[in-house]
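The structure appears below as structure tokens.
When the chains are written out, they are named A, B, C and D in that same order, and each has its own residue count from 1.
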Amino acid sequence: MEYSREIELKGHIIDSGIMTQVFDAIMEMGGNFEITVFEIGKKKQDESYARILVSTEDETLLTEILSVLHRLGARPPVIEDVTLAKAEADRVVPKGFYSTTNHPTLVKYGDEWVRVEAIEMDCLIVVLPAENRALCTPMSKLKTGDWVVMGDTGVRVEPPQRPREVGTFEFMHGTVSSERPSETVIRQIAQEMRDLKARGGKIGIVGGPAIIHTRAAPALAEIIREGFVDVLFAGNALATHDIEYNLFGTSLGMNLDTGTLARGGHKNHIYAISEVIRAGSIRDAVDQGVIKKGIMYECIKNDVPFVLAGSIRDDGPLPDVITDVMVAQDKMREYLQDIDMVIMIGTLLHSVAVGNCLPSYVKTICVDINPASVTKLMDRGTMQAIGVVSDAGTFLPMLAKYLHD
Amino acid sequence: MEYSREIELKGHIIDSGIMTQVFDAIMEMGGNFEITVFEIGKKKQDESYARILVSTEDETLLTEILSVLHRLGARPPVIEDVTLAKAEADRVVPKGFYSTTNHPTLVKYGDEWVRVEAIEMDCLIVVLPAENRALCTPMSKLKTGDWVVMGDTGVRVEPPQRPREVGTFEFMHGTVSSERPSETVIRQIAQEMRDLKARGGKIGIVGGPAIIHTRAAPALAEIIREGFVDVLFAGNALATHDIEYNLFGTSLGMNLDTGTLARGGHKNHIYAISEVIRAGSIRDAVDQGVIKKGIMYECIKNDVPFVLAGSIRDDGPLPDVITDVMVAQDKMREYLQDIDMVIMIGTLLHSVAVGNCLPSYVKTICVDINPASVTKLMDRGTMQAIGVVSDAGTFLPMLAKYLHD
Amino acid sequence: MEYSREIELKGHIIDSGIMTQVFDAIMEMGGNFEITVFEIGKKKQDESYARILVSTEDETLLTEILSVLHRLGARPPVIEDVTLAKAEADRVVPKGFYSTTNHPTLVKYGDEWVRVEAIEMDCLIVVLPAENRALCTPMSKLKTGDWVVMGDTGVRVEPPQRPREVGTFEFMHGTVSSERPSETVIRQIAQEMRDLKARGGKIGIVGGPAIIHTRAAPALAEIIREGFVDVLFAGNALATHDIEYNLFGTSLGMNLDTGTLARGGHKNHIYAISEVIRAGSIRDAVDQGVIKKGIMYECIKNDVPFVLAGSIRDDGPLPDVITDVMVAQDKMREYLQDIDMVIMIGTLLHSVAVGNCLPSYVKTICVDINPASVTKLMDRGTMQAIGVVSDAGTFLPMLAKYLHD
Amino acid sequence: MEYSREIELKGHIIDSGIMTQVFDAIMEMGGNFEITVFEIGKKKQDESYARILVSTEDETLLTEILSVLHRLGARPPVIEDVTLAKAEADRVVPKGFYSTTNHPTLVKYGDEWVRVEAIEMDCLIVVLPAENRALCTPMSKLKTGDWVVMGDTGVRVEPPQRPREVGTFEFMHGTVSSERPSETVIRQIAQEMRDLKARGGKIGIVGGPAIIHTRAAPALAEIIREGFVDVLFAGNALATHDIEYNLFGTSLGMNLDTGTLARGGHKNHIYAISEVIRAGSIRDAVDQGVIKKGIMYECIKNDVPFVLAGSIRDDGPLPDVITDVMVAQDKMREYLQDIDMVIMIGTLLHSVAVGNCLPSYVKTICVDINPASVTKLMDRGTMQAIGVVSDAGTFLPMLAKYLHD
């Protein structure tokens, strides 16, 4: 007895590697296939079209294979409306729910294709029938009675296709190496940033305290002042040490301009936090003239919003830090809705958190001294990620320089 | 014009390297010294005694040098009572407050030496005059009107001294290398754990999700079941993937027993969380027979408390996760009060957080595949830390084996 | 004006990713294409066939694109004989020479397809007209008057195709992570080794001194004794410390069974070398009963050949070490001719050297604690490489155990 | 029964940490001690003097402890002449030979103190009685009949003492971290280099091919042109890719100015080597105008000698490469005799090789992206080593800039 089902694929499915992944998946999972229609895009700009009959000896396996192919953009030739189920309790997911990818996604509902809003991976899709809307919903926000999309039926995924023209992101994507021409890479990232800003795009920075410890804060402050940053995602440590450096010249007690441990410097970060608490908030401390320069100062002065998310290793923390991580996550999501590029520097925790909430089409640049961190961040099923193994303390000053030139 | 002050040092100050650090500090900071008394411990068991006249050309510098020497255990020959100041507002530290080390500390108050409770580094000391108590207090818990210890006067620090007999912790301490005899090191750690349990000591585990991904969970579950663990510090990821593995055989969708990606496995961790939410809590899920084995199961069954601290990259999270990081930090502190050894495996975030709250005399073992993480964790001014650069997936099964033998 | 040329591709070109790479290359280099024929392999076992017209506006560019496609297995529909040129001097390559890939390669000469012997990458092909042979020749061995293959004409490359059935090497290939189920991976490697030996295959080990320092030597010695190793590639350090350990219980002076520094142990490796020099060679030292166990002992006793290649950081060296690196390289090549699998452990230098000489169809397993080393070794244009980020000191004992089971 | 012996120590033995190490060693090895005389240097500039009676219950142990203490500079109050033994065969060391440290060393012979020439660690001392000379001799150069120093008797080691004033090397030494102010550190290294050159000192560079791949070659070429480099230690890869870059703009086929793979670029390094072979040597290629810029060009033009040492992974190699590693090692030794500072960048192999041949008083700066490499290189029993975890591609341009300023 054999079970089979036909699916179709459309687009630049060969050079985007999608056909390769489809065949891979079927064979790895133990299925068979027959290609029933194959119209190859003859020229560079042409799209291809394939129809494939997938077959197995086991019905469950067939469903499983189709579910994997679905995530690669495969769909049945005729598409029905999505199946919905009601959430029985807050945060309890219905068995068989559809789990999102980070690619643009549509659902067919009432015979119409509705784009899923705020797509990110590993979430549910909740349909609002009255409003004809579909919302990408993390399980933490699922409410009793929500209408949840079940299975793959009626869901269409649009994985990123290889662009016809090649830019910085395309030729570098996928490799992580410390053996690339650093200055050339930095110059090209600067160019991408300038191009994107010229087009009115939005750039987010995710930064760790290594930016301060390596004394790259003046460079980042300059980049913010010059208008290249639209939002900053960081934690208590980056903000605290930035303020510490600007109040006392130290970071974790080390005088950054001499490289020596400052006398009594171990107390400076506590004083920095305390001064901000006394003022009320970072904005208040800037307004009152307590903080006079630095990353946080430039954010306030240039109206660049920031999300400071708390972590269990925080001292203090600063009054601006959101100590509830789920609240912080939501705040991050707000600012990520219309972002075009994210540059992640020297923080695995915040970078993974931001990366989880990003659609696959957002350009991502990951800079870290540890190649394993870069590798981990790169793996987002996208052609829009560049990994740079470098030192924040030399990378950012050079980036600032090339943003000028 | 010259400013000078005499200090004294007592104990195994030469072989513990304290004299070296004292001279280092004075010279690095630009001071002078004259040794007025030096009685060397003639034999192995004898303590030494030194009296040193520190002098500078600048009064501030003298204070700064003395403050550094103070942290090494130096003290004036005659000690006055501590100076106290009132905290003017919640979380606002008085200028000139005394900032703690992680070494055992006493304050002289009402002419008596009072031991500071719950010592950890980078905190303030609050004196409760009525109760004759002194509390180590993170700035986040400072309240208006608290009596805060100011400056070094009346404070005595007792840095760890080199033990006369050499154990595992002594001969290995301080070095981080992947080129040590792994099995020998693991055998000795097992021996230390057994000795410590035989003496009634308490062991905490700090663990990251790599324990699950590398399939070391069965080994850790066994170690818990056999009574070697008194408390577990982890995050949502470790608990979620542990439960995912035990419900579905996968971790982040990878079948850990075959190393292949499970079909539809990407949803498993969401189901795992959802099932626990449905049950109410991890304990409820165990009681209801939903979770039948694994790390969390053994914790519940053997009454081993756990603290699951939230982070911004959490999916879900599980209902047992404390999403407010300051609340989680406090919970961690509770369980660290009487701990004797902490083993940190595969998590920089939780390990740093726990490490920050530990007194210097607690034995610490840091295991990570990344030598930079191990180095970072080791630097706690203690002779009680061992760094092991190894793979959780092979380390824990071998440790479990040697705990049996 | 447009320049164009037709090429054809045959085989499992879609699921092996070859079509994707072909389109990628054309577009990245700025060419155009039109697909003139495309017969897709309808079922899993069927091969596909494509004919593609590549066009550019620049003749040089066309040649360059075709040269890249050639390396992916593309060829003109009609193939002429290779073009040959005479080498004008020893080690001086003719301009326009054909540079080899590490894939199986054939040249058309005298209207016949001749397989290139001893293929490895970055070499020349020298044709021996009288013998109808073609030899892959490193530039160091090129002699005046040798007939060198020029350009791509008449050369056919056979890149590896995705196997229809999936084994350990296929599902793991390409990813480097420390977050995989270690024991499961090791069990599968053991299985692959046993299967390969059962089929009469040959396994080579490339090992660094970390094997000894982490005390994995007894495990490797056992693996050799049990017949799993056909040749050992190493340097002076591995052999010296192996012998040091077996004579004195130390490696670089550290007692591996206690983890402590042995008294006077810093001289042991010098003594070890000296004793072997006194005996004459490692074989002599084994025959005379000086060396009684260990890796080198088992090699001698089980007639496993070894190549000890010198490096500039060598002490001694042992008399068996080949101090001229070009001679050592040739010796390595000899033993690599009919090897089926190579396991590289804890040495970047020797692993890269061996990897450079390997055809792409040889299975390769790279084990290192440093993910950057593993990544570097993995990138060989092959589906036959597995990277394992682990600790030699726990990996090898576990591998030995699973080879028994 | 107790065995005992008196030793004495002199110098800045407390703040240099020597007393700490002496007591550590005795206790770790299970001995006892009694301090018979202790005169502490009362002021900063004063030296201390200690006399210690070491005792054990076992005669062998006593000898072993004394041998360890000897390496820390301890010596018997009365010193006899060295004991000599004749080497029985080439490269066969006499049992009980004295193995050198990398500290300045003197031997007492004919009642006179003779300084050991060309000191480096893990060697023998050969005395030439007729010439009243003592030579540090690697075992590879030991000849039948050489007079070899046996045991510690008559040997005096002078371990480095903590300088009274603190410079860059002192305050940074010993720590390896990627979290230091990069630009500040680089500025200070530049200052040290300028100071050293102003005093007529000599600087050596040890460099790996990452310098070329990260496009730092123009910066290093400039540093050489400006006279900061006295000798270059490298391998075939650095020289080949430097020449490749200067002939073709690529390194391993990557166009370093665009970051893209050059068409046909994989052959460029072979061509580069071939062109040099055709010319005769690197000097010939420069003289004939083949090579017109770059690191090797500047070495030739500015008469900076270089040692290119072969390794088994070499392609080619260039005619200037010394393929016999023992010959290369000797050549390196020649140039290291009067060097004052060595900067090691991006190569573990060559850095360890050079480091092994260096006396402990030579200042060493290790720059690598991998903290584990830096840690390994730092551990030379010296206060004269700085580790920098950074990216060659950003480090060298910044260093060049600060050498100008």
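Convention: a residue touches a chain if its C-beta (ideal position, glycine included) is under 8 Å from a C-beta of that chain, and two chains touch if they have at least 3 such contacts.
Keep in mind the model is a prediction, meaning the values are calculated, not measured.
The chain with its Cα centre farthest from the Cα centre of chain B is C. The pair with more inter-chain C-beta contacts, choosing from A-B and A-C, is A-B. Rounded to whole angstrom, the centroid-to-centroid distance between chain B and chain C, based on C-alpha atoms, equals 45 Å. Centroids of chain A and chain B (each the mean of its C-alpha atoms) stand 33 Å apart.
Inter-chain spacing, taken between the CA centroids of chain A and chain C, is 37 Å.
Residue numbers of chain C whose C-beta contacts span two or more other chains: 28, 171, 178, 260, 370-372, 389.
Partner chain B is touched in their complex by these residues of chain A: 28-29, 61, 64-65, 67-68, 89-93, 95, 97, 99, 122, 138-140, 260, 263-264, 266-267, 270-271, 273-274, 277-278, 309-317, 323-329, 332, 348-350, 352-353, 356, 370, 372. Of all residues in chain C, only 14-17, 19-20, 23-24, 26-28, 32-35, 38, 40-44, 162, 164-166, 170-171, 176-178, 371-372, 375-376, 389 touch chain A in the complex they form. Contact residues on chain A toward chain D in their complex (touch as defined above): 168, 171-172, 178-186, 188, 209-210, 213-216, 251, 254, 256-260, 369-371, 389-395, 397-398.
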